[in-house]
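Here chain A shows up in two complexes: once beside chain B, once beside chain C.
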Partner chain A sequence: MFMPLQSRYSFRQRNRMKGIFPILLFLSIWPAGAFGQVAVIANPSVPVDTITNNELLDFYSRDIRLWNNNKPVTVFDLKPKGEVKEAFYAFLGKSTSRMKSIWMKKMLSGEGDPPAALNSEEDMLNKVSLTPGAIGFVQLKLVTQSVKVLAVIESK
Partner chain B sequence: MKFKNLKLGKKQLLGFGAILIIMAAANMFSIRNMRAIKSEIDEVTSNWLPRGIAISDINKNTTNLRLNQLQHAMATDEESKQLLSEVMIELIDKINENLDTYVKLKTESESRNLYSEGERRLFTEFDIKWERYQELSFAFFALSRENKRQAAVELLNGEAQQVFNDFGSDLEELVKVNQEDAFKAALRAEDRFYSARAITLALLIISILLSIFIAWILVRYITNPVYELESAAEKVAQGDLNVQLPVKSNDEIGHLAGSFNQMTNALRLAREKTEKQAAKLQDQAKMLQTTNRQLEQKNQDLQTTMNELKETQEQLLLSEKLAGLGQLVAGISHEINNPIGTVISSMDVSERCITKIKNSVNDKKIDWGIPKNLKILEDNVRVSLTAGKRIATIVRSLKNFAGLDESDYQVVDIHQGIDNALTLLENELRDRVTVNKHYANIPKIGCYPGQLNQVFMNLLKNASQAISDSGIIEVKTSRENNNIKIEIADSGRGIPSKHLNKLFDFGFSAGETRMKMSSGLSTAYNIIQKHKGKMKIESQEGKGTTVLVFLPIEYRTERD
Partner chain C sequence: MKWFKPVTFCLILFSINNVHAQIEESPIKIFGYFQNSLQHWTAFEDIREHNSFSLQQLNFFLQKDLGRNWTALVNFEFLNNFSSSRQWGDANLEEAWLRYRLNEKFNIKLGLQIPIFNNLNEINNRTPLLPYIIRPLVYETSFGEFFPVEEFVPARAFAQIYGFLPIGKFKFDYAVFLGNSPNISINNYSSDESPNEQSGIDTTTTFLVGGRTGIRYGELKLGVSATHEKINHFMYIAQYIGRNPSELKEVPAIRLGGDFSYGFGNFWFESEFILVDIKTGIPELDLNLEFYYATLGYYWTEKLFIYGSYWITESHITILFTDEDFKEDEGILIPNFGIAYNLTDRIRMKAHYSKVKSNDTIRLILPNRITKKEDNFSVYALAISVFF
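So, the complex of A and B:
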């Protein structure tokens, strides 16, 4: 008696699964993307070589504001909306709007101001390379020797 | 395979199975629909309504936030600014909570394809505006912190006001859309409920009709034949054996009908046979009656014949007796003739002797002839005396034998009877047969002596005739309990064993020499039976025969 109901759902699930295959196919044949992969970059002075998304979230939500060597952490945001920003926030696991809420709370509690939002990826690359202890994100193909790549976000 | 050829169990299984399946299908359909209706109602109560509430809360909390921001801008002292900041942090947390709730419900709703495109568009726009409002808030707080009140209030009343109004109307729109969607969903659920109810009712009616149809088929294939069988059985019970059932199916009932037909056929045949036999029996009874009458007639005839036979037998007995008497008379004549001859010849000689003696006396001549003649005369007298005595003995025996005849019941010594018989048979026995007598001391018995004498006569005569040349007859008497036993054994030729059981038959005879006494043993047997005695014959062929006669001593009763 319960079978029809279940089968209805499973039918729907199958349909969804069916839907996934063309997407996977599409992704596999799509060239590395219009924007390619996104790199989490840092000033070469930072005392780490890799970073996880949770550690990155701790830095961006301003919960942790010092590196291991007690040097201050500076994070940069990107102003223009686009695939690079989307990919980065997806990696963080927060929406841009929610990130703003977090920053607003920090601001109201006097724990610090929101990160500076830069106007372009070139600015981001430049600022990160010049600011000690800085973290930011640009397309992998834009990365230069002036910055350290801590993580590469696989594009979707 | 046709339905009607299935076994009863399979028929019922199929019928009831079909009914069950139909009922189960109807039930499943209604349960499925009820579940669908329930899930739709659940969708409204657990998704649309909380979603609407979340949006309303967001609207309320963002409005509150904006009020606090305005107060923050107006506040002069750090303390109240600090307090307002804390309130705002709480509000932001609440808004985020509301957003989390909404997004979670949205995801659920999307997974069920129930999230409307209008709502999605509105929420996306709201999110963008809310983000923009927060960005503006950063600038506002920076100004407010630096006590640039004028600039801060301008910012709030300028672009921020616009953004706030925009997302506020978005939120209101969202609530509206949400309510409309919920209402539509409720309507859909209602629609589905009514249609499901209608379909369920229809299914119910169809299943009832189908069940009735199936039941009818079952009745047709199972119950009706049973009724037919029952009424047929009743007819048979009432004696109508011409009942035939149609064999419609190949199931147990069909087989039963076949067997029933066979049974009635067999019964009919049996009844016909019985009737035929009864008729035959009646005929036979009639015949029997006729035969019975004939038999009666014949019986009467037989009785007559038997009476005649009895008379004949009696006559025969009489004639035999006469024959025996004749023979006896002949023997006795001879027996008497001899001594009489002797007497006559000796008297003749004596007469001559007497004449001679007379002459001599007359001549007065006494010579040597007188003593000689006297001697002869003396001898003759002695011989004559002996002969005369002999005759006297014979006559006495004869008298005894004959004089005691018939009727008179007397108490006698049976030795006398045996002796008399031996005397009368002496002529026959004398030279050939030695008779050895062994008489024991036995009491006298009551009897009909004449009849017993005849028995002894017959038995002794038989014994004598059984001896061809020469032999011995042993006559032995003894007492045995309450009987006296008379044993007459001869050393004659004996009797073949095949004849032993026919000995007492009337008229039996095993040899020419016995022809004359053909009825001897039979007569003897009858007489012994009359005396309540027994008679037994033992014989070995070639060695001789022994006849045993037992007579009760107690036999005293006078016969009527």
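So, the complex of A and C:
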């Protein structure tokens, strides 16, 4: 079947584009979704420079609420679901839903409130830098000198 | 006077808000939960098959942090479609306590509270936390009208010290508590009346004393619990067994409990036992109670939990009356299956099936005769549990 040259060209291009499009789509989405590394950040006032996942779990499960200098620990959570949040709680060995049930149990027993959930990583960075004794988590590439990095979670 | 209770309640709430406004303390937290259910019971004994909607339970909390180390909490509980005008259900002041938290190792809680005993006691009435619609029998407070829940578990204490010692990845839990001996506060005891007048005041010099110690390691938790108290609700039968009521005035009752729970992958297992030994010290009267439960569950997804659970309750009673001696062994076996689905973080849908098998064996000593009674029935239930 004959077609005008331009049309044939467009047809080939369109066919080629059909193959390229998913790749372009993947490439355009992947860098935005890929978080690289997640940093466990803290207010510069905290009396430690490193932290283990067990210590973090104790703080986030609200079992332990004081630093070793007896100052209160404030923990922050991220509201939006995403890879950063999942990677952080996977580092603690818990799913986000398991953490929620731990917090609900604490709350209903009068043993403590869940951490404040912030809207974005920028908010997290800001809150942690301004709140004495605070801990949070953001992508490593977003970290500024206003906070201390206690641990880096490698992406999987 | 029907208007009195709601108006008083509103006035209290209003005054709380005013106090808050005046002294500018951290805000009072108001939260709670309720569970509505639809249950279908097949026929048993002389009760015919029936369906019923029910507001099984509503709990309402007021909590306030009174400073860095001090917290106060009040918990109101309403059971079984509570209505004072229709005389339905129960309304209870479950908790009203003040806690001082030094750190994770040392907390002291003063005031009316549910003591730590085994794994479930402290949270047994927190319906959003539990996948069950009907809780393991000794924890099902909505059955309190016909099942002796408080014989099995300590329902309230007034002072408790608790905490945990972290050693490496292990946490060693401890709790010791003090309270009134339940059912002992009878105002007007007379030998020919059953004890039906209670004041809430313990009229003895004894206390309920108890505690729990245990270990946690990751998702593993295990512990042992015990209580000691003195009860006097056998006094009224003293005359029937030819005894002086004072001999049954302070009868020691000892509870022993054990709990084990473990999460592995998507599976969750938990179990408990409770043994109650009432030491009357006289051969004519003996009572022992036993309770066991085990639940194996699986998180199908993060939101969907399915489980199977088995509960066993046994009571062994010996009453050697002068003219009607008998020994009674009663058992209730309940296999259960259920699903719990978290629609949102605050809404949990539940479905639950229980097959109840009860057997009651009475051995009359003279004449030597054994009577056996068995019953089987099923309970199908749907519920929605909401945390607000």
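To be clear about the criterion, the second predicted complex is superposed on the first by the 123 of 156 C-alpha atoms of A that agree within 3 Å, B and C clash if a C-alpha of one lies under 4 Å from a C-alpha of the other, contacts with A are read in each partner's own complex, and residues count from 1 in each chain.
Please note the rule applied: a contact is a pair of C-beta atoms (placed from the backbone, for glycine too) under 8 Å apart; a residue touches a chain by one contact, two chains touch by 3 or more.
Owing to the predicted nature of the structure, the values given are computational and were not obtained by experimental measurement.
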item	value
Side-by-side fit of chain B and chain C on chain A, or clash	clash
Touching partner for A:L66 - first (chain B), second (chain C), both, neither	second
Partner chain in contact with A:G93 - chain B first, chain C second, else both or neither	second
Contacts of A:S109 with chain B and chain C, given as first, second, both or neither	both
Which of chain B and chain C A:D58 touches, first, second, both or neither	second
Clash with chain C (superposed arrangement) - responsible stretch of chain B out of 5-13, 95-103 or 419-427	95-103
Shared contact residues on chain A - chain B and chain C	95-97, 100-101, 104-105, 107-110, 113
Chain A-touching residues of chain C, taken from the complex the two chains share	29, 31, 33, 61, 63, 68, 71, 73, 95, 97, 99, 103-104, 122-123, 126, 128-129, 164, 166, 169, 171, 218, 302-303, 342, 345, 387
Chain A-facing residues of chain B, complex	27-28, 31-32, 35-36, 85-86, 88-89, 92-93, 95-96, 99, 127-128, 130-131, 134-135, 137-138, 141-142
Residue ranges of chain A touching chain C (in the complex, touch as defined)	54, 58, 63-66, 70, 72, 93, 95-97, 100-101, 104-105, 107-110, 113
Residue numbers on chain A that touch chain B, as the complex places them	1, 4-5, 95-98, 100-101, 103-105, 107-110, 113-114
